[in-house]
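Next up: some structures, all given as structure tokens.
What follows is subunit A paired twice: with subunit B in the first complex and subunit C in the second.
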Partner chain A sequence: MDGWLRREDERLLTGAGRFVADLRVPACLDAVFVRSEVAHGVLREADCSAAREVPGVAGAWSAADLPDLPPMPLGEPAREWPALVEDRVRYPGEALAVVLGDDRYHAEDGAARVRTRIDPLPAVVTAQESAADTVRLFDGLSNVALRGEAGSPIDGEVWERAAVVVESDYRQQLLLPSPMECRTILCVPGGDRLTVWSGHQAPHRLRQDLAGLLDRPEESIRVVVPDTGGAFGSKSAVFPEFIVVAWLAVLLGRPVRWVEDRRESLLVATRGRGQDQHVRLAADAEGRLLAYELTVEADVGAYPHLGVAFPMQTAWMATGPYTTPKVHATVRSLLTNTMITYPYRGAGRPEATSPLERTMDVLARRLGLDPAELRRRNLIPPEAFPYRTPTGRTYDSGDHHAALDLALRTLGYDGWRAEQARRRADPDAFPIGIGLSCYVERSGGERGSLHEYVGVEAGDDGTVTARCGAASSGQSHATVFPALVAETLGVEPARVRLVEGDTDELPGGVGSFGSRSAQIDGAGLQHAAGLLIEEARERAARLWDLPVEETSWSDGAVHPVRGSAAMGLSELVKRTGPLRIDERYEADMAFPFGAHAAVVEVDPELGTVRVLQVVAVDDCGRALDPDVVRGQAFGSIVQGLGQALYEGVPFGDDGLPLLDGGLLDYLLPTYAEIPPIELGETHTPTPRTPLGAKGAGETGCIGTPPAIVNAVADALRLAHPERLQMPLTPDVVWRAAA
Partner chain B sequence: MKPAAFDYLVPQTVAGAVDALAAGAQVLAGGQSLLLEMHLQRAHPALVADINRVPGLDTLTVVDGTLTVGALVRHKTFESPGAVPGPLGDLFARAVGYIAHPPIRARGTMTGNLAWAHPASEWCALAVALDAVVELRSTRGTREIPAEDYFLGPFQTARDPDELLTAVRYPLLAPDTGVAFTEHRRTGFSFAQVAVGAALTVREGVITGARIGLANCADRPLRAHNAERTLIGSEPSQPVFTAAGEAAAERDAAPVPEPYADVDYRRHVVAVLVARTLREAAPV
Partner chain C sequence: MRITLTVNDAAYPLEVEPRRVLADALRDDCGLTGTHLGCEQGVCGACTVLVDGEAVRSCLMLAVQCDGVPIRTVEGLTGPDGQPHPLQRAFSAERGLQCGFCTPGFLMLAAGALDHDLSENEVADLVRSNLCRCTGYEPIRRAITRAAHAHQNGQDGRHRSV
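What follows is the complex of A and B.
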């Protein structure tokens, strides 16, 4: 480890990382997609003949040239998503044709020669327009792709009898996950096998999907995940471009690679969030919450797919951290002429937390209560866990009051309130505001994905190999998991190596999403290491002719209870043969939680917001590696700042996103935007695994945005800050302040 | 994001560069705009003339109160206020920090900004405010154009395609000139929503000279003549600066709407920033 914080660091920080684009494969073709420049329309022509004449171009195909090309899986038959547009374009950038070249330069030259003609149709880019059904994405079918609810409808009397009812509308804007490395796939056919390299979160799922699409056995496909430059939820599916690349690689018997560039990513990578929300929150005169109602109109993009149901996550999590007795959430998923929405770091929980936490601050103002005090009166107390919410979740554990109190102490809440009062008395001073946000996160996954393959194997050379179905896209698995296995076995961490992200090396796997790796894979590896110890003791007991109870395990070796003999793992393997545990580990979902606070200074004349301080207290149960957890928290908070202040997708009247300037238009927070961030931790282990770890890493996206927005509303003393809709760009803040 | 095929020429003299332009070349100096446009396939030059080896273009000279900036002088040169004598150097140093970030400032050039003519360019706004003169050379000869006549619209200038922008000249500012530069933008390295540069001369308590340049307040860089006129002869004070800001916003600026900055907001920002910049240039 030699001074590096993580095992990955030396490789990644010295430029020795190997991403899909770095892999050298002889005779590899690069794929470039010809993309629609309209949002919605009828494709009249996609003529690739001129492209085929360009030197260095190996071939060019439209949908008409590939009649057997399979469509995207998981769609509805009536609303099929073809891998290349057949007759109808439904989102800007949708692929009309593909060109393969000796390299990307030649392929782009060819793509420029593909002739396309599209008759535009009116485009719908908001949930509201979609709901009207005046422009339909699929002729004869409604744009409503899903309706759902969580909890029960709330009786009208509850609202009438309440001392205070706050109603408000919020927009959770569309966001682009924007990993540093965009999507990648490299398909290498060889013999009767196909090797697929992809920066991906779920290699086994990708293998399964590709096997179905290509109509071949899963074992004939190997999916390998090399170094991957971030994912944030955007790399967990199969995509139209993946289907085309895999299909052509098999058809031509040649390696084909697609490396999505930033311009493509801005158009056709999956989006996050995208909800219009209406809330009602009722409380009695003392501020005890009586009822909460959340209505979600979700913009889910152009095709029904996995993401259509994700807004239900928001409905299930609508209760938040409070004891509100009645909660009802309804969801409509609406098709729009944009690339699909899909999980993006937080995935449904930011959309649940933000409307509730913003409304809590409005309620506090209406009641004349300090927002911290209002929250204290309603937070679920530690003795109430496991806590079943009206929206159907059973929270495993929590100590919300402790998290909030620590956040306020860390921030110096009273000191900032005093500074706020001082500034309010000084007409020349910029006002400051303090915003709070308490949240509940869900980690591990949903039913059906709460299991994982895990394995631990002892070698005859003293090494230990850990295997799991997770796939790192930057989460430090190679550091964290070997350390955990080493600790469980009592061996040096350097002796343990991790194998993941290769379907040939693993009997199965689910992948890394939903903050599940530490919680499920971690607990599973600990469990598997425990089984390995049991097996080792049994074998040693047989060798020594002792009852197993008369053996013990410590320091990576079996010891007889009496006597001084000891047998290490390598010797045991040499004498008794291979020692390997393979398990399918399953554990229930868990609910990390925390409290975030922010202080902002607002220049009301220009509308600029300067974040003076962010405090985040996150509780992920047992933190396996505190440095890694803090790194996750930090990055997530910065992405949360992005949603709060900078990121958004504006559309022109033609339904095209106004992002011609790339990342000069879609503004991600950079180093200059990072405020002072202070992290605090409480540790409430989940009782759902012996390890006690819950997911960490999505909490900044969940907790930080409402803290920032509440702070801005507080600075401006807005009684009803509906005009503060994210991102809080200077023009938005200026108008709200006016 | 790969450029279309192009030929690449490295002229060793200004004459060679000018010949290349006559043959249809586009000029590569810092490359911070051209290369991006080529990668986005919004520019498809058949021939690129890389002038980085042409001697003599990387110099700053001051002769008889006139500063001449050659075509290879990088943005970062101006980070030191001492690079240019007097308040002009101070003004350039205040402005240059708003140009992108350090790697871009190390490559990009001041004259490249003038040739590219992005409406948000800090240098273009200062050029019109400071009565800069642009020197253009072609096989047909050399001509000079005042900056205010040079900018014609977004990315449009009076430069003919075969002309090389060899230098830009500025009259130095008098030693008692007060200068300031402010910029409003969404993040630390995004383009200006509005930027304002000002140079004020106050003698015996009265404003005798005023230069105000506006970036991204119209389809081209502007000099705020109306605002300047409200200042001349007045004593510097907050109400005077506020009135100048309002004049700049209402009578000088011609804002173009863009996402997150519609016309009303942009006019408002012009008024606020002009007043703030003037106050900084001549503390009341």
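What follows is the complex of A and C.
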């Protein structure tokens, strides 16, 4: 296409991309929120009167000024999450008031004049403190927001009879998803309609939520997702600020927007992970796994919401890629004084993979077995699929041994082991360590969200329009989906265009999260294109007065089986009328898998870790566009590297996150931190769709962190690996090595 | 204050408050929204533009500092003949962008350095100046290297300074 590899590229490379903050709407007001500087407290005063006097300020409101403002949806009535704080602050940065200005500067001037007073309360930021219930976020109610389990409790006898039992504690630290574009919403009222522009992963869900909140019909709201600057799970919900902006736009009858800045994002964007974990792993003397128990205490933030249930994903995936006969996982989600946790790239599967893979390495050391060999003895063999796990998952397909073997070959495993031995014999050499991690993840979604709207329409001008409910935030949908539809129809890709991310243009939709777009939308589009071919053949058969069986389809045209006449789509549409397929396509979840490996060099005196090599072998079944998949795999590994070594949210005693330095405190990996990374692939298509694609793009966050941590533990030959808790800062490593 | 911003060879007479940040003036007063804001604290580099040929973080500069100084933004990267800049081609060819939010910053950062032969280390120094959350940087490094070669060899039919 004119020298651009992706259709998205030309506009994004010439400054012609349109992100929400780039849209210009006349008379639009900018929203700025006045935020709590304490983690937990009683709001005594939020007085906006002085703010209203500031030039350029169109209005300022606290919760008391907006008595009908609806709270966040899907919460518990007894533990409501107000869109603006009413009487109790429960997380730092929670919005106390909003100021609208004719531009951001004036709105911020106004926000500086809002007078607030909060009587602080003790804050709880860890699951352990929260569980004690000595400080309660909601008076009279326990901080426990959810209890759950997967699998059945394991008999004491199993542990007693096992040759080896490894127990350990791990922390999956809070992470900030940190797309380079923070959250955005622009609400434009007009007539009896409200148009909402938002960088978002699920436009139809946002429309449904807003319709409910504003108590108006869904059809009266149009949600449009323009260019979106990354999401990674963090842009899939409705947020308190969204409610306020939509409410005020309707109230004032004026366009209002909120463009979150980085400082806000660090305080009040949804967080990922956040689990304290305890594990027990039992094996016999040959290293065959007998039982695995995972206990999760999740710090889920200040309000009950959808996110409290996500640790269950960890429980369901606790079995991992092994044939362990008995697995039991229990979860408690506990309220803490921080912004809520919500899916972040991997969402529950990194938290399942990391404790298991770290414990596998400890077990190997105890048994005197090579960690690769221990895994080989326990990986689910290819012939065992579909494989039902003790934690209730049915894995669709897999060849875990092939992935592990390819990872070891690509790494040059034996060569690194020899180098490790050489260095161990040399007192002057920095130690190196080799870490492995085998994972299985779930893609596509859970029951209830495994469907999607898909459509294909042929135009009378020879063009084809593909429609689906997904929403891209950088995943190349506009390139990849038209190519898939074109291939199915046998037409030039340039003739096919994609429509997504606009609720007015689509009869329905679910969105893009949980690695579902290729797997569900892709399979659905292929299916819809197939239905279009069937319909075209039927119409041509009627025109030609032939039985359908005597027509065939190739190269974008219907042919009679005998004879040479052919009718392309445009002619068919001209002669028989509009040709459009709209389908609700439903599939099933799939289980991508793979093996990651890392080699690190550690300076025990400085605590620094140098990653010498990362190898990631991923299997996502059929890759629609292998280069696009590799690009996402690579970026995902770098985010995984971030969790392993750099990213985290430390708290002060007052419960405030220690991130005043912004991105100088929250350390996103830069190019300086990128080690040599090699990607490998195996291809085991899912039998659950004809397309065979499984989800892709999250695996670096899942497989890479434990490989790196295992490598550091291996380098230091640690007897107590729980001293290594992510992120492995020099301080953590130095203390562990000491 | 009355100032004139000269952006991509066009003059924008503006009345701005002294506190107005260059990035906001470019985006909101000149309507050049290709320059993005990712942190507003000088870390991410999404807002990088060329001021008098030098790459700067436009979130850390005031518009009034740039009165009469030539500025180039991503919108001015394409040649007057409409031909894409070698960097733009190279970013696409090497898959140096996914969501594209950080991209204008990387493009302008590199554009400011392409006037001489870039060593491997210089390319690496450039790439580690800015943040990207999608690509993992390696494709960006390849893209800049490719564009630097194209530039040195006068491929794409021209030598062009930005």
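Note that in this section the second predicted complex is superposed on the first by the 738 of 738 C-alpha atoms of A that agree within 3 Å, B and C clash if a C-alpha of one lies under 4 Å from a C-alpha of the other, contacts with A are read in each partner's own complex, and residues count from 1 in each chain.
We adopt the following convention: contacts are C-beta pairs under 8 Å (C-beta built on N, C-alpha and C of every residue); 3 or more make two chains touch, one makes a residue touch a chain.
Computed from a prediction, not measured in an experiment: that's the story for all the values here.
Asks: Clash or fit: how do subunit B and subunit C relate after the overlay on subunit A?
Replies: fit
Asks: Which of the two partners, first being subunit B and second being subunit C, lies in contact with A:Asp665: first, second, both, or neither?
Replies: The answer is first: A:Asp665 touches subunit B but not subunit C.
Asks: Based on the superposed arrangement, let me know which partner A:Arg262 touches: subunit B (first), subunit C (second), both, or neither?
Replies: In the superposition, A:Arg262 touches subunit B and subunit C alike.
Asks: In the superposed arrangement, does A:Leu12 touch subunit B (first), subunit C (second), both or neither?
Replies: The second partner, subunit C, only.
Asks: Let me test your reading of the model: by the given contact rule, A:Ala494 touches which partner, first (subunit B), second (subunit C), both or neither?
Replies: Neither subunit B nor subunit C is touched by A:Ala494.
Asks: Applying the document's definition of touch, where does A:Ala418 land relative to subunit B and subunit C: first, second, both, or neither?
Replies: In the superposed model, A:Ala418 contacts neither subunit B nor subunit C.
Asks: Between subunit B (first) and subunit C (second), which, if any, makes contact with A:Thr228: first, second, both or neither?
Replies: Only subunit C; A:Thr228 stays clear of subunit B.
Asks: Under the stated touch criterion, which partner chain does A:Ser473 make contact with: subunit B (first), subunit C (second), both, or neither?
Replies: So A:Ser473 only meets subunit C here.
Asks: With both complexes overlaid on chain A, does A:Tyr105 touch subunit B (first), subunit C (second), both or neither?
Replies: The answer is both, since A:Tyr105 touches subunit B and subunit C.
Asks: Just subunit B (first), just subunit C (second), both, or neither: which does A:Ala429 touch?
Replies: After superposing on A, A:Ala429 lies clear of both subunit B and subunit C.
Asks: Does subunit A have more residues touched by subunit B or by subunit C?
Replies: Tallying touched residues of subunit A, the top partner is C.
Asks: For the superposed arrangement, tell me the lowest C-alpha distance between subunit B and subunit C in Å.
Replies: Superposed on chain A, the two chains' closest C-alpha atoms are separated by 5 Å.
Asks: Shared contact residues on subunit A for subunit B and subunit C?
Replies: Shared contact residues on subunit A (touching subunit B in one complex, subunit C in the other): 104-105, 261-263, 664, 670-672.
Asks: What residues on subunit A touch subunit C, complex-wise?
Replies: 3-6, 8-10, 12-19, 21-22, 24, 103-105, 178-181, 227-230, 232, 261-263, 473-476, 627-628, 631-632, 634-635, 637-639, 662-664, 668, 670-672, 674, 677
Asks: With touch defined as at the start, can you tell me which subunit A residues reach subunit B in the complex?
Replies: The contact residues of subunit A facing subunit B are 104-105, 108-109, 112, 261-263, 605-608, 646, 648, 650, 658, 661, 664-665, 667, 669-673, 729-732, 734-735.
Asks: Touching residues of subunit C toward subunit A in the complex: what are they?
Replies: Where subunit C meets subunit A, its residues are 17, 19-20, 24, 27-28, 31-41, 43-44, 46, 73-75, 77-78, 84, 88-89, 91-93, 95, 97-104, 107, 124, 127-128, 130-141.
Asks: Once bound in the complex, which stretches of subunit B touch subunit A?
Replies: Residues of subunit B touching subunit A: 1-5, 40-41, 184, 186-191, 193, 259-262, 265, 268-269, 272-273.
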